[in-house]
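After this come two complexes, each holding chain A, first together with chain B and then together with chain C.
Take a look at the complex of A and B:
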């Protein structure tokens, strides 16, 4: 089991590389990488239910994206069929190039979806909450309460449904949910009152002063202002892009600084510290390699089928570099985990 | 002074959120930059980072001002109940994009106020994404939009309207509109991804009107059929369940007004 931060970097690297790549061959390499890592590192673990598997997502996203692109794009020389021009917006030639480019977009979306699906499956929810910055202590508490109460609420939903079924209640329409949802809500709120009383009795929030210091608030507002101004300038004043980007960056840095300042005031202790292992370093290296290759070879990752469809170029070295992301699948488990 | 700064933080983060959603329409050349200009392909990612950062700033501000032990507890439990409703959505195929989470978010905003509504919307999406495995670059956008749904619910004066027919019909309208607007917003986020970075149709001088027309096609082709059930479902859910739910929430709001008196 790798460090949660390494997995986060892994997913973000895939996200970044996928947004650069429009070459379907590299797209397929990335997609296979996520599928292999997913099946090795998270083999049917009892975990979060996936609403949609990556392959099913691909079956939906690729045809839809291809269809949309082919219907709205008029570039390309291989005309497949001619829609009557009186049709609003979609009329005109439908080209094979448009279809291919749309399908590639769908493939890239699938890669992004699949990489985060793996991320969601390999990381236990508790570790994800631990990734929350310290400034979000209260939000972390809310989330922990919510996640703790979800199984209880599911059970209580089951109980209420059974109790109502015993009384001859059947769910036929929306109105029949009323005798189920209201008791569910009321019992949940009763528990919330008990919890709040217990928290107050244990002194939760008794020492914390109300809200952020004014200085932090002021810096927050200034950071947001710089961010907004810089972004607007970047979008609408092409001549001053450098200055505008600098402004936006300064705003972002200021915001991060405030978050750090706000986090310093909460003390945080951990019962059992997870050690950084060799495997973590290796996986980190793999991600860095793939990122470095992708960022230096941005042009090669790109491919546009216009004006005439041609087979995309594939450089085995780049492909090999991208396989650095495959490393998590080949790292040996520790002794304690194998048991 | 403090109030003014707080107001500024809300307004600025709202403006950044709106800009993040509409910039592909205003500046299409930026979203769909020329072929080979690889750097523009990360525009959606940079947007996601900016939106995420803004969301964090807003949450830091909100949590500092509202989260007493009582609010923490009630928020956590309401988020849990609503997330369980989302399991129903995952387990039983409901028509189209209908999701039972919006009605509770809007109702909670209506009863407990705009700030609570925003946090409720954002945290519900976050918690259910954590549990159902839906964490991804789209999450900040979903959290923002659901938060706004809850926040606008809080703008209606619940102390005046109560659970009367006027309140229910207004809230039904809210549910319907938010069902559609949520779809529009989430699509605007996916739009630069789906269109891709090539300057496929964009030409110098393409007006905002043309871009909007193209977006409308995109929307009608891919999502309208998906979003209508969500809008209708929200309205129906509020119409049928809204009155009793608001009543129980109001009752508990009164019960939560217990004060701790400490002798210093």
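Take a look at the complex of A and C:
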């Protein structure tokens, strides 16, 4: 297992690169990368937390995006068919270029979805909690519980639908959802209360009861004010940009300091403290390489089929650079250190 | 260890106290069972001991509590979490993380236990509860008994001196329940941990306990050694009922103790085995097979239920019982085979159409309830089927039969477990189905509610309704069923009279274990053979 922070960087890099890339060939490279990394690195965790597989997402997203773009964009020279102009919004020529550009967008969406699906699957809930700053430890726990609540709610929805179906219930209109929504909400609420009781009975939040000192709250407010004021000043007072930037910077520093202080005062210990290892450095390097290539070659990543469809250019060196993101799949996974 | 003095507690907005003037003492290292009808305040009592009541629930509390030197009311549940471990009824509802090991460490992390110490403690409880092989699994994917053991391990990680469990086995099949109970007995005997357990099925626990606390609904609490308390209380498992009726002294608590008496008492009396006399065939299932994504769940299952016959469908969790019921009502479409209702194939009919003729009670009856009043709950079903103008059975009549006429205008979810289940039963039988399918109807019911249910089923049977009952409750089957179908791995392994249970090591009821050479199953069987003139201990 790699460090959770490396995985976070991996997912963010993919997000960033995907947001630049409109070249379908690079898009395919990225998609394959996420799929390979996902199948190699995601341990056989029971009960996937993602309701939709990336491939299924692609089957929906790509045709939909292609259709939408083709029907709404009038650019391009390869006219496939002419829709009557009196039709609102969609009337006019439907071009092959529009279709291709839309499909590429769908592909990029799939890449983003797939990278999050992988991130979601490789990171156990405990590491998600660890990714949150220490000052927010409690909120991190709550957030991760919300994540585990999703599959449970899906299951009770299924159960309740069946229970209502056996008394002859059929969903025809909006009102017919009432017999399903009411038990779902009530059972969800009951489960939430039960979990809250169970957590309190296990001493959750016991040590954090002291509360944050007033000083911290004051500094937090000041920091936010400075950051916001500086940012506004930067935007609207071009003459004093330097001063405004200084303000924003000071605010940011103050915020980080307060969070660090607050984090020190929340007491809890960590069960699996893992050391930074060579594999982490290598994976980090891979991400950095891909990021560097993408940021320097932004132009090459972009491809527009307009005005006339042409085969997109593919630079093997850039492709190779992007493969840095594939590195997590090839790092030896040794038995996890527990301390 | 625990000392209660005149403890009274009233929930906010409640008109009568949940606990009144409870005075109790529990010594260190005792294994204590808390019994009582549902609604008698068993869970409330446990929650008072670790401060969840009143810190979590609000309400008014009077009297004094002392738990291992702490006052839970003053200290609150956070502090008490170091002294008292708490395990809840539904194992799934208490998990926070998605790996067994992390789940156990969760409480330790929050208590800021240093990592080295934490590692030791996690290892310790993993061994104690035999979970080492499951350490990397997700709690969600474990079996019911394993889940509950994880919950116990998580509660023990903080090394409490008292472990409290609120009906920890009510959702488990008998084997898993056994597994959990054995773990508790070991903890109590080897570590001297004080264990306080709330449980409906006394017969499972009686052999192990030192003290029985009985909470009546409106009388002072009775607490003491199990034999003494059992003499004074109405809820008694078959063995105790028989022992009391035959005047066995000292009252046997285990089957082994009971056998000594049974050997002397047993005559050569043979019980009548009335050959079942099924009426016309109400339900016929023909070579039905079903697979979930390629994994076979039912394999060529064939069975039939006659009019007025009650057939029990038994088997371990995951043996395909619920799947079979769902296939019958069309919630699942079988890959092969046919279901016939009074000779008519159900192929091609929608679930709604089938359910006009078949009443199906799902495992969680609460899933049905959403209306504002009990009566509405019944009329919704009628409206769904377009029968509101001409109901096959009067709503008032049905409510009276269900014993709910006083609750007509109440909000269904405010009722007790037994009542809620009867509302759900009403909602599915208001179409007057000729066939009833019940999925574990006795889960979470106390003895009284169970007796009411059996009486209700008998009445329906007498009117010719065919009943197919999925259950783990062997005593219920012994008492009510004409025929038992055993399912294992999606296949029928037995289809016979309930006497087949007598020789089964997994499913034998207490009386059958007591008199292994006879074919008796229930207290009534044994009593009518042993002393024909004795009055029945309770009417069913």
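In the analysis below, the second predicted complex is superposed on the first by the 199 of 339 C-alpha atoms of A that agree within 3 Å, B and C clash if a C-alpha of one lies under 4 Å from a C-alpha of the other, contacts with A are read in each partner's own complex, and residues count from 1 in each chain.
Everything that follows uses one rule, which is that a contact is a pair of C-beta atoms (placed from the backbone, for glycine too) under 8 Å apart; a residue touches a chain by one contact, two chains touch by 3 or more.
Small disclaimer: the values here were computed from a predicted structure and weren't measured.
Enquirer: First (chain B), second (chain C), both or neither: which does A:270 touch?
Expert: A:270: touches chain C, not chain B.
Enquirer: Which chain, chain B or chain C, ends up touching more residues of chain A in the combined arrangement?
Expert: Between chain B and chain C, the winner on chain A residue contacts is B.
Enquirer: Based on the superposed arrangement, let me know which partner A:119 touches: chain B (first), chain C (second), both, or neither?
Expert: So A:119 only meets chain B here.
Enquirer: Between chain B (first) and chain C (second), which does A:191 come into contact with in this model arrangement: first, second, both, or neither?
Expert: both
Enquirer: Is A:73 touching anything from chain B or chain C once the two structures are fitted on A? First, second, both or neither.
Expert: Only chain B; A:73 stays clear of chain C.
Enquirer: Have a look at where A:170 lands relative to chain B and chain C in the superposition and call it first, second, both or neither.
Expert: second
Enquirer: Scan A:63 for contacts with chain B and chain C and give back first, second, both or neither.
Expert: Touch partners of A:63: none, neither chain B nor chain C.
Enquirer: Using the superposition on chain A described above, determine whether A:141 touches chain B (first), chain C (second), both, or neither.
Expert: A:141: touches chain B and chain C.
Enquirer: Considering only the touch criterion stated at the top, classify A:96 as touching first (chain B), second (chain C), both, or neither.
Expert: A:96: touches no partner chain.
Enquirer: Would you check which partner chain A:160 touches, where first means chain B only, second means chain C only, and both and neither mean what they say?
Expert: Second partner only.
Enquirer: Taking the stated contact definition, name every residue in chain A that is touched by chain B in one complex and by chain C in the other, in rising order.
Expert: Touching chain B in the first complex and chain C in the second, residues 47, 125, 141, 144-145, 148, 152, 178, 182, 186, 191, 195-197, 199-200, 204-206 of chain A appear in both lists.
Enquirer: In the complex formed with chain C, which residues of chain A make contact?
Expert: Touching chain C from chain A are residues 45-47, 124-126, 141, 144-145, 148, 151-152, 156, 159-160, 162-170, 178-179, 182-183, 186-187, 191, 194-207, 209, 267-273, 338-339.
Enquirer: Would you tell me which residues of chain B are touching chain A in their complex?
Expert: Residues 1-2, 5-6, 8-9, 12-13, 15-16, 19, 23, 26-27, 30, 35-36, 38-39, 41-42, 44-45, 50, 53-54, 56-57, 59-61, 63-65, 67-70, 72-81, 83-84, 87, 90, 119, 123, 126-127, 130-137, 190, 193-198, 200-201, 213-214, 216-218, 221-222, 236-237, 240-241, 244-245, 248-249, 252, 255-256, 258, 260, 262 of chain B touch chain A in their complex.
Enquirer: Using the touch rule from the top, collect the residues of chain A that touch chain B in their complex.
Expert: Counting only chain A, the residues touching chain B are 15-16, 19-20, 22, 47-51, 64-65, 67-69, 71-75, 89-90, 98, 101-102, 104-105, 108-109, 112-113, 116-117, 119-121, 125, 128-129, 133, 135-136, 138-139, 141-150, 152-154, 157, 174-175, 177-178, 181-182, 184-186, 188-189, 191-193, 195-197, 199-200, 204-206, 210-212, 214, 217-218, 220-221, 223-225, 227-228, 231-232, 235-236, 248, 252, 255-256, 258-259, 262, 298-299, 301-302, 304, 306.
Enquirer: In the complex, go through chain C and note every residue touching chain A.
Expert: Where chain C meets chain A, its residues are 50, 52, 55-56, 77-79, 81-82, 84-86, 88, 90, 92-99, 101-102, 105-116, 118-119, 122, 137-138, 140-141, 154-155, 158, 326, 329, 331, 351-352, 355-356, 360, 362, 364, 366-370, 380-381, 384-385, 413, 427-428, 431.
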